[in-house]
């Protein structure tokens, strides 16, 4: 397992500088009288990659939706670049450079892939051609099916379309809700790396993930959400090794399996060269 | 053969242990015959506008074991599930479940015969409570017949059993506190959990899970795997699609790899995952590399090379 | 303005055969839509078939009970004919097919080709089929007054019809109550939400939908009988507006509730009389002529209806929580 | 007037006298008739006028070509002496009989114009005369040998197009180029005034279908973007027609301007409905079925409002009646031609906008997934608003054109068409505008062509049957897409 | 308050209380209209209502009946599509204790309520129902509409007399159209002619608006004459279509349901000369102009007078019957309807003043109907009717030509 940690990445985004996106004590919910977020806070500095993890139903998606104006914020404040954006309409936020990939229902099923991507740059149609090339380059398997309706795609393919759509407009803040779910392992790795690369290119990212290890590996800082409240926060690596976090949220499966595999293999060699029967 | 000996449940039924052991003797070639197949598919084909989504020449799923079905995105795994369970009709091919031919049998009959599936894109019954969702999963409730439904005493006893069982499963899936909420108000991961729990309500002979753990919290996944193993040990056959390799390695007894609609490899998890072709096409050699490694970010880095390899493999592999 | 008689008229309408007939039809529709999610836009077709079935067999000399059975059988056959091929259609497609099927029944019923049975556009006269029903009454003939309400004991639009009608409504409510809380009702509700999910759980979705369609249709046919026993069989009188009214009643009262359809029917017809009566009484002739008042009355009824849905979208008895779950 | 008094040799003096009297009377009556205003006096209608104590028998005899047969002699026998009557210059004859009862009328074949003979060979008819009434007896003429067709001509499609067909009158021929009026003889499928019936029906079907498509496309758009089945859409169609009517007949605007006014009014109505009713409903997250019921209430309110302001009569948008042009084997009125053209162009434009432009795709995106559309920066509400405005405007345009095509508009024209509109868009595949056009054309053709085999009052039922049959084969409609499961 | 006595129509036991309590000797008369104000037949309502109101106006201004004015309750019968509205309106009238209901216009609507109304001992008089199956439906059901047999007969002979042997009938599928068509068909075929279009199976829907094909199909049969048997809801559209397809309108025939002074202006107008020479039949013995002017006095907006005279007559007959019976009860009116209509002979009289005077003098009367219908027969139908023949001029208005009287064959 690689242990290279470049600390310069972790605190990129100048702590102490003005946060780009800031949520303070958000209270939000769907049904009247039921608050899902019960005082959640989040800070995103320019150029930062922030991860959010937590158990199912913790309110992670709700938090992203609240940031994006899709869930009514009942109290608390929300600022982007110092300006109040509480309960602003989504399309206004898009114009201000915020992009969002929802967790479910994240494609337009009857539109073709290309049309889906076109919707991504709805507000700036001029750049469509140029961006399309860039994005299709990122997801080459979408190229040959450009004219196919997104509704007919497999789960993983949809996920790619969803991600691609969000990347079309070159946002300055990107909110990703479980972008890796349903992707094959190599595609997952790619997705995470791509996220990092995008982030490196200057996009500030908030990423919600259940593939928590991966998420913590790539992010500068992370929040652990539980029952609508911040439970833990800190640099990704710290959280990843925090026994409490491991016990409650990460589990030990990956390490167990890896350990078991290591034992079975006898040595650390993960490049078996014998089996080739396919 | 077991991926992990410690997980071979001590209270497993003898036939389960036997079935798992029998796998060790098998050739690791696609379409290999199993000693005691539960599901046998032959020449099943499905095309969408010229694209062969599924083109399975022969596949057998061993009874009493956990079989994982893996493969790149768009390999045809979900479509294969749809075909087997009667939600889609193949262009050609036939298949048997537990010795009975199921070709052309409607989905509900397939399910009643003991083969229950879950959906990758969840189908929660939104305006019913979680508990009602669960109850609906149960079979042989006489109250589901219209006339008996009118006479309460005829079905309350069974209803009580069903409820108990549902509560039991809900607790296991950490959904018990949500039992009176509408399923439509669940989070994405909770829906996955409900979907799986609901499928288990009817004590299926073969349960087919389509990416059950995608979006489920890792800690919870871990505890649920124990449950799946328990199920197997009690005699249920499990076939699941999953992209989480830790999980595949942890619980599966046998792995089937699909690519571009075809079965391209089969075998015990360790062997399959060490298969270079599978690694190239699907896993990526370093899927357990720390992605925080900055060297990976350079264009043309290792991962990119693998991704390209996958794309190419996809194009070339099946003949 | 005479509020006393207006009040009497309103109450009379609320307990009258029209309200009963629509309540029955709406209960049937509730089984279709409220419980199963079937968008049946052809409930009037079931009512018309019930009316024809009852009247034609009575005219042919069959006793009341047999005529009712014929009406029920007609509804069952229609439900099967309609359902077997079309129940695999999804939502809005089913809606248009049912509305079309009901319209076809009406057009065929009023066409000249079947006029020896249906009377064509003449319909079937009340006195040709009402007698056997009034004859079955245990009450003495004559007119009877209860407070301000005077009706004949047994003849057309009688106390006897009201008693039988409300008894039917009560029975239908009981039926829905029992079914709704049973596992059978649960399966229907599941189908309403997502039939594929229910299918994957081993339920014969098709069969359940058919059962629901038949049951609701039979209730519609009974409603049709009650309706014709207070009027006559006129194909045009059981056309599209009747279906629309039934839907309105159902949603007004609250879909997927036991008493919603009944309450909806009472209020719909009561409100109709009230609104038009008030307008007639309160608007001086110099502003609107009597004729214009009737037309303006309808405008008001339409607006009232919209306002009711706007301010109480779940219906009077419905569950607001269900509404909050956005299905679309 | 071709007066041909054929007096056979040895004619009675008395007959001459009768003729004379008749001629005199006719001469008196003619100017009055010609002026077109029949006098309000009872005795001027003819020689015999029925009264409480007078019974008449009479008729008119025309040659096969439709001209009056003048001077034909008939004998009426019954109680009392036989009476003779002779046809006047208009071919009319009448006789006063002494009392009620049965009389036999015999045609004197010899007095018929040359070449004419009774079509069915009958020369006598029995008539029961009644006091205070004129009873008729007919002696249709036809060239010998060509007869028979008309006597069995009670069957309509077997067509009475024997030689008497030219009697279809002069004015019909006047609008049709000469020649076409003669070539129809004997051909079973010739239509009115020399047109091919099947082709004519197909043309009618296409026009009706196209107009239906135009009227319906707005409903399809609204369904496509919001999932709402708008039962008030028919009333938006009516609105267009009524506004056009008011513009032309009340405000005396030219038709072209009237169309514009109607379209603007329709768009405004669409905007108003969205802003006033449906946007708030969506904001309150009110279910689609509830919204549908709101449209039912709205339809009721609109319908009654129209009746309040426009009454229940059918209203002509333009009062003039343009006769039909003949183009090849078919006839079409200029109004219909224009309607067809406008509708075609507008439908094409709509299809192009939906398929080929960003905004069009955005409407489909909103339909698919409003939340994601918002997340993509689409202003969902303004798209929906635009759709409502467009739908209203298109419905209004459809209403005007339908009104012009059907020649009148009534308070319920649109709501009567509503079911057909829904049938058309469902048939095509809900939410697919091109499918809607195809569906509408199918409906139009079925409605018109079904009259070839089915009773007239079943034409709409047959269209609905086709709808059901097609949906059985393709449950998602003709152009709809099947959903993926799983 | 319970009175479940014998319910047969002769018994007046239940109504004794009412008749004694009224002012004057006989109590107050209370009439109800049950006529279409909304719905697809709404255009038939205004002339009918005006007819009723005219009669009541005339009666009341002459002092009313039994010393008090006739009270009028107006309700909306709507159309068959909205049957529940009509049923509710009928109940309303029954609850209001009217003795006479004038209506409905449509036979279908009548059938929906006739059992209720007549069952409550109320006299129902329809000014427009022509459906033969309603003949003798109830002792309490009357109508003043001329039976189709009379009008159809005159119309048929008019057509035949004009020499038309091939007749196309544009007829809608409603009992009104169909029964008239049947009579016309009989007459034409008896005379040796043929119905080339409009036979059974060729009726069109009463809601039809698309007449292009129907008209061209009809004209394709090369008719000598075209008869339009529809209400005014469809007629203008048909006329336009006929004219557009080049039909010589002088060979067109109208009936009472659609004969209308279309004129050349306004909503109903056609271009001048469109209808020149077309003819129509309209029940009524007298040139109607004077009466129409009186109706306009009630409703100045009236353009169409269909069934106005019949409604007037219905009201008059009911009031006279009440006067003759000496009490304001349905039973009394029912018992005397035939008598005042002249079924048993009596002095002929017109108008309220003359007729009521005669009754008060104890004489038997025979009311001379404005609509030209004769006394009621045993089936409570008019036993005869005068049918006027009218012809259109250049200005699309009709003028009187002559009239014929016809007996209703005893059924």
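Observations on the model:
To keep things simple, chains are lettered A, B, C, D and E as they appear, and every chain counts its residues starting from 1.
Keep in mind that, in the parts below, contacts are C-beta pairs under 8 Å (C-beta built on N, C-alpha and C of every residue); 3 or more make two chains touch, one makes a residue touch a chain.
Chain by chain, the UniProt names read as follows: A, B = ABC transporter ATP-binding protein; C = Branched-chain amino acid ABC transporter permease; D = alpha-amylase.
These numbers were taken from a predicted model, which means no experiment stands behind them.
Fewest steps needed to get from chain B to chain D, stepping only to touching chains, is 1.
Centroid distances built from C-alpha atoms place E farthest away from chain B.
Every chain gets a centre from its CA atoms, and the centre nearest the mean of all protein CA atoms is that of C.
Two chain pairs, C-E and A-D, are weighed by contacting C-beta pairs, with C-E ahead.
Distance between chain A and chain D, defined via averaged C-alpha coordinates, is recorded as 64 Å. Centroid to centroid, with C-alpha atoms defining each point, chain D and chain E lie 27 Å apart. Here the spacing of chain B and chain C, counted between their Cα centres, is 47 Å. Centre-to-centre separation between chain A and chain E, using Cα means, comes to 79 Å. Annotation for chain A: residues touching 2 or more other chains are 30-31, 152.
Contact of a single residue of chain C with at least two other chains is seen at positions 107, 110-113, 196, 240, 295, 298, 321, 324, 326-327. Among all residues of chain E, those that touch two or more other chains are 38, 42, 173, 201, 203, 205.
Across the complex, chain C meets chain B through its residues 175, 178-179, 182-187, 189-190, 192-194, 196-206, 211, 215, 321-322, 325-327.
Contact residues on chain B toward chain D in their complex (touch as defined above): 78-79, 81-82, 87-88, 119-121, 210. In the complex of the two chains, the chain D residues touching chain A come out as 358, 361-362, 364-365, 367-369, 371-380, 431, 481, 483-484. On chain B, the positions that touch chain C within their shared complex are 85, 87, 106-109, 111-112, 116-119, 123-128, 132-133, 135-137, 139, 141, 143-146, 149-150, 152, 155, 159, 182, 184-185, 198-199, 201-202.
Interface residues of chain A facing chain D in the complex, by the touch rule stated above, are 68, 70, 89-91, 94-95, 100, 102, 105-111, 115, 118-120, 122-123, 125, 149, 151-152, 165, 169.
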